[in-house]
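The two complexes that follow have subunit A in common; it is paired with subunit B in the first and with subunit C in the second.
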Partner chain A sequence: MVAYFSEIYYGLISLLEGMVITFKEFFKPTVTVSYPYETLPMCDRFRGHVELIENEEGQPNCVVCGLCERACPSGCISLAGEKAEGEKKKVLTKYVLDFTRCSLCGSCVEACNFNALTFSKEYNLASRRKEDFIFDLLGRLEERNR
Partner chain B sequence: MRLTLFNVVVAVIIAIAFAAVNAAYLVWAERRGAARIQRRPGPNINGPFGLLQPPLDGIKLMAKQLTIPGGADKILFIAAPVLAMFPAIMSFVTIPFSENIVAKNMNVGVLMIFAFAALGSTSLLFAGWSSRNKYAMMASIRAVSQTVAYEIPMLITTITVVMIAGSMDLMEIVHQQSGSILSWNIFPLFGRSHNILMPMSFLIFFTCTLAETNRAPFDLGEAESELVAGFHTEYGSMGFGLFFMGEYANIVIGSCMTTILFLGGWGCPFGLFPGVWWFIIKLYLLIATFIWIRWTFPRTTIYGLLNLSWKILIPLSLFNLLFTAGLLKVF
Partner chain C sequence: MSSPIQLKPDETFILNVGPQHPATHGVLRVKMEMNGEYIVNAETVIGYIHRMHEKMGELKTYPQFLMNLSRMDYLGALGYSHGHVLVVEKASGIEVPERAEYIRAIMVELNRIASHLFWFGAFVMDLGGFSPLMYALQDREHILDMLEAVTGSRLTYCYFRYGGLYNDVDDQFVASARKFIPRMRKSLKKYHKLVTGNVIFRKRLEGIAPLSKETCRKYGASSAVARGSGINFDVRKNEPYSVYPEFDFDIPVYHECDSLARYNVRMDEIEQSLRIIEQGLDKLPGGPIMPEKKPKIIKPPEGDYYQAVETARGSFGVRLVSDGGKTPYRLKLRSPTYSNMHLFDESCRGMLIMDALAFMGSLDLVIPEIDR
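Entry: the complex of A and B
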C-alpha cells in the first residue's frame, strides 16, 4: 500500500521536474543558425573539394609533378603543364577535378610536396547538372585573383 | 434571447470560425513552442513571426488531391474526418464564455459535452476500420481502448464537481465558484465542499483530458514510430486537415471544460472585473500547458497508459467521489 502511494508521489515529482527543465529551456536563446540568411565559418579541418594554392604573384604553387594524379584512388584529377622556352620549371595549364567521383579522401593533398593543394571550405554545391561538378581549378584560381 | 434562425446561423458560424482559427493558430503556437523548448526559432519565414504559416498550410492541404485507397469503405472513409470535427464544433454551442457569451445554455450542458466527446472516438474507429490498413486498424483499436479507459475517471471526477455544484448547468457551476480563487473548485477552502483532495481531482481531470484528446504523452493512436501515422495513415489533403483541426478543437473544448469545472470559468482570481477575458486567459494558459507537456514527456506504452487509468486514476477518483459525498453530507 505504501509502495503504491509512494510510486504515485515520486512519479508525479519526477514529471514536474521534467516540466521545470523544459520551462527553463523555453526562455533560453536559440542556438541554431537560420541557414540561408546566416552561415557559420567552416571549421579548420573541414574537407571540401581540393583547391590550388597560389604564391605571392598569384600563380599556382604547382610544378606539374603529377603526384596528386597518381595518388588519387578514383582518378578524379587530370592535369597538364608545359615548359616554356628558356624556363626551368613547368607551368600548369590545366587542372580539372571530377568531383562526381571524388570521395574527399585527401590522398592528393597528402601526396603534394610543394604546398600546392588544400581543401576548400566550399559546401554549397547542389546542382541538377553533372557538368557542374567538373571543376576547373585553374579557372577558379584566376577568378579568385580577378 | 429568442431562438431565431438568424441567431442559430450566426452562432454556428461563430463556433466554426472560432474552432477553425484556434485550430490553425494552435498549430502555429505548438510549432513555435516546441521550437523554443528545443532552442530553435521555429516557423519564422512566412509573415511576421511566421504568422502566415497556418493559412498557407491550409491552402496547400486544400489544393491536394483526396485519394481513397482501393478496397476502402468509401462512405465511412469520407464520414470519419467530418465526424472528427463535428462533435467539437457542436460542443462549442453550450460552452459559456461569460455571463452573456453563450450560444445556447442548457441545464444538461455537462452531459451534452461528454456525449459529444464520446462521439469523437467513433471517428477514430471509422477511420481505422475503413482505411483497410493494418496500422490504421491497430491504431484505432488502441485509441478506442484508451478513450474508454480514460472516460471513466473523467466522468467520475465530473460527477464530483456536479455533486458540489448541485447542477449540470455549466453557467450554474461557474456561478457556484464566483468570488475569489478560494472558492474555485480547485482550491476548495471556502467553496461548498471544503474537500482538500480537489487539487488531485483537477490533476486527474487534466490527465484524462490529455488522454481523451489523444495528445502526447498519450498519443498511442498515432504513435508514428510503431504505426506509421496511426488512424490517419491513409488520409491526405483536407481529410488529414480535418483530423488535425478536430484534434486542436478538442483540446480547446477540454481546456474550456477544465476552466469551467475547476478554475471558476470567467471569474477573476481576486474577485475583480469578472468577464470573458479571464476565461480566455485561463483557457490559453491551459492550452500552453498542453503544448508544454507534449514537448516534455516521451510517449508512454499502451500498458503503462491502461495501468495508469485502471490502477491509479479510477481508484483515486472513486475515492474522491465517496469522500466528497461524505463531506457534503457533513457540512
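Entry: the complex of A and C
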C-alpha cells in the first residue's frame, strides 16, 4: 500500500520536474531563423557545386587536363578544349557539370592542380526540370563577367 | 507474457508495419502476425533501399568509393569512413600523421554524440514525447555547425583521406569544441531530469523486451544492444585501433537487459565521448595532416584485410580482398544494425505492439545502413 502511494507521489514529482524544465525553456531566446525570410551565411568551406575560377583576364584557369573528369566517382563532369594554331596551351571550350548525379564529394576540386575549380555557396537549388541541373560552367563564368 | 484472451490460430491477422511508417524510421517493413494487440510472429522485410554499395566498391577505384561510406549511415557517417580508410591504410601500408589520428578520433566522437542525440530525440518521440527531440536537435545543431565549418558538409561528410584528412582544423574549431563540452554536460543533466526520471518513460521501458546474453551472441549484436545485456564489448577497447588506447574512457555496461538499459548505455556513451574529445583536444599535437610519402595511385598488394571500428551503431567491419589492382576484388561491409535488427523477429514474440515499437526504437535502426 505504501509502495503504491509513494510510486504515485514520486511519479508526480518526476512529471512536475519535466514541466519546470519545459517552462524555463519557454523563456529562452529563439534559436531558429524564419527561412526563407532570413538566411544564415554559408561557412567558408561549404561544399556546394563547383564553379570555374578565372584569371585576371577573365579567362578560366583550366588547362583541360581532364583530371577532374577522371577523379569524379559519378562521371558528372564532361569537358572539352582545343588548341589554337601557334598556341602552347589548350583553351577550354566546354565544361558541363551534370548536377543530377553529383554527390558533392569535392574530388574534382582536390584533383585540380591548376587552381581552376572552387565550390560555390549556392544551396537554394530546386527545379521541376532536369535540364536546369545540367550546368554549363563556362557559360556561367562568362555571364558573371558580363 | 502471453495474451490473456486465447484465440484460435486461424483468428490471427497480419499487420504490416511499414515500409512507410514513422516508427520504423526508414523504409523497413515488419510483417506482424497479431493476436489482438499481441504479436504472435514477426518477420522483418528489408531491401527497399538497397543501393549496391558493396558492388560499387568493387567497380570504383579506392578514392572514388570514399564518399559512398557516408551514405551508408547518414547519422554517424564519419565512423564508417573511418573503418574504410583504416583498412585501406593497413593494406597499402600508409602511415598516418599523429595529428590526423587525433583529429579523426575527435571528429568521430563528435559525430557519435550527434547520432546519439538524434536517436534520443526520435526514441522519446516514438514513446509519445515530442519536446525532447527539439532540445536534442538544438544540441546536435552545435555539433553539425562545428563539423560543417571544418568538413564543408553537414551530414554526408567526405572528410577522411587515405593517410590523413581533407583539411585541417583551426583554432576556432578547438575553441567551439571546448565550449561545447560543458554545454553538453549541462544538457545531459537536463535530459536525465526531463526524460530518464519521468514516470511514464520508465513504466514503458523497465523490464520490457528482455534480451539475453545468448540471444545477443547468437545474432552478433553489438553497441548498446549488447552492452545493455551485460556484454562488455567495445571495439575501441577490445581491438584498439587509431589513437584510442591513449584515451582514458569507460565502457558503460548494464545488466538489466531491458529497453531502459539500452537507453542508459547510450546516454552514458555521450558522457564518455565527451571525455575522449576533452582529452583529444588537450593532447592534440601539431604537424602535418597528410603523410609526406603517399602512393599516387592506391593499389594495395594482394591479400585479405579486415578492420573493425566502433561506430555509433556498433561494430562496423570492412573486409577488403585485393588482387593488387586499382579496384578491390571484394569489399564486404559488415553493418552493425543488420545484426541488431534480426534480434527483433525472435524477441518480439508475445509482446504488445506498443512495447514492440519501443523495443524497435531502442535498437537504434538506420535502414539505409542495413540495406546498404
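Here, the second predicted complex is superposed on the first by the 140 of 146 C-alpha atoms of A that agree within 3 Å, B and C clash if a C-alpha of one lies under 4 Å from a C-alpha of the other, contacts with A are read in each partner's own complex, and residues count from 1 in each chain.
We adopt the following convention: a residue touches a chain if its C-beta (ideal position, glycine included) is under 8 Å from a C-beta of that chain, and two chains touch if they have at least 3 such contacts.
Because the structure is a prediction, the values reported are computed rather than measured.
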Could you tell me if A:14 is touching subunit B, subunit C, both of them or neither one (first, second, both, neither)? second
Classify the contacts of A:45 with the two partner chains as first (subunit B alone), second (subunit C alone), both, or neither. second
So, A:135: does it touch subunit B (first), subunit C (second), both, or neither? neither
Which holds for A:34: it touches subunit B only (first), subunit C only (second), both, or neither? first
When the two structures are laid over each other on chain A, which of subunit B and subunit C touches more residues of subunit A? C
Counting only touches as set out at the top, which of subunit B and subunit C does A:95 meet: first, second, both, neither? neither
Which of the two partners, first being subunit B and second being subunit C, lies in contact with A:107: first, second, both, or neither? second
Output check: A:25 vs subunit B and subunit C. Expected answer is one of first, second, both, neither. What do you get? both
Jot down the residues of subunit A that show up as touching in both complexes, subunit B in one and subunit C in the other. 12, 15, 18, 21-22, 25, 31
In the complex, subunit C residues that touch subunit A: 60, 63-68, 71, 131, 135, 138, 141, 148-153, 156, 158, 166-167, 190, 193-195, 197-200
Give the list of subunit A residues in touch with subunit C in this complex. 7, 10-12, 14-15, 17-18, 21-22, 25, 31, 43-47, 71-73, 103-107, 110, 119
Provide the residue numbers of subunit B that touch subunit A in the complex, in ascending order. 33, 35-41, 44, 203, 292-293, 295-297, 312
Which of the residues in subunit A come into contact with subunit B in the complex? 8, 12, 15, 18-19, 21-23, 25-32, 34
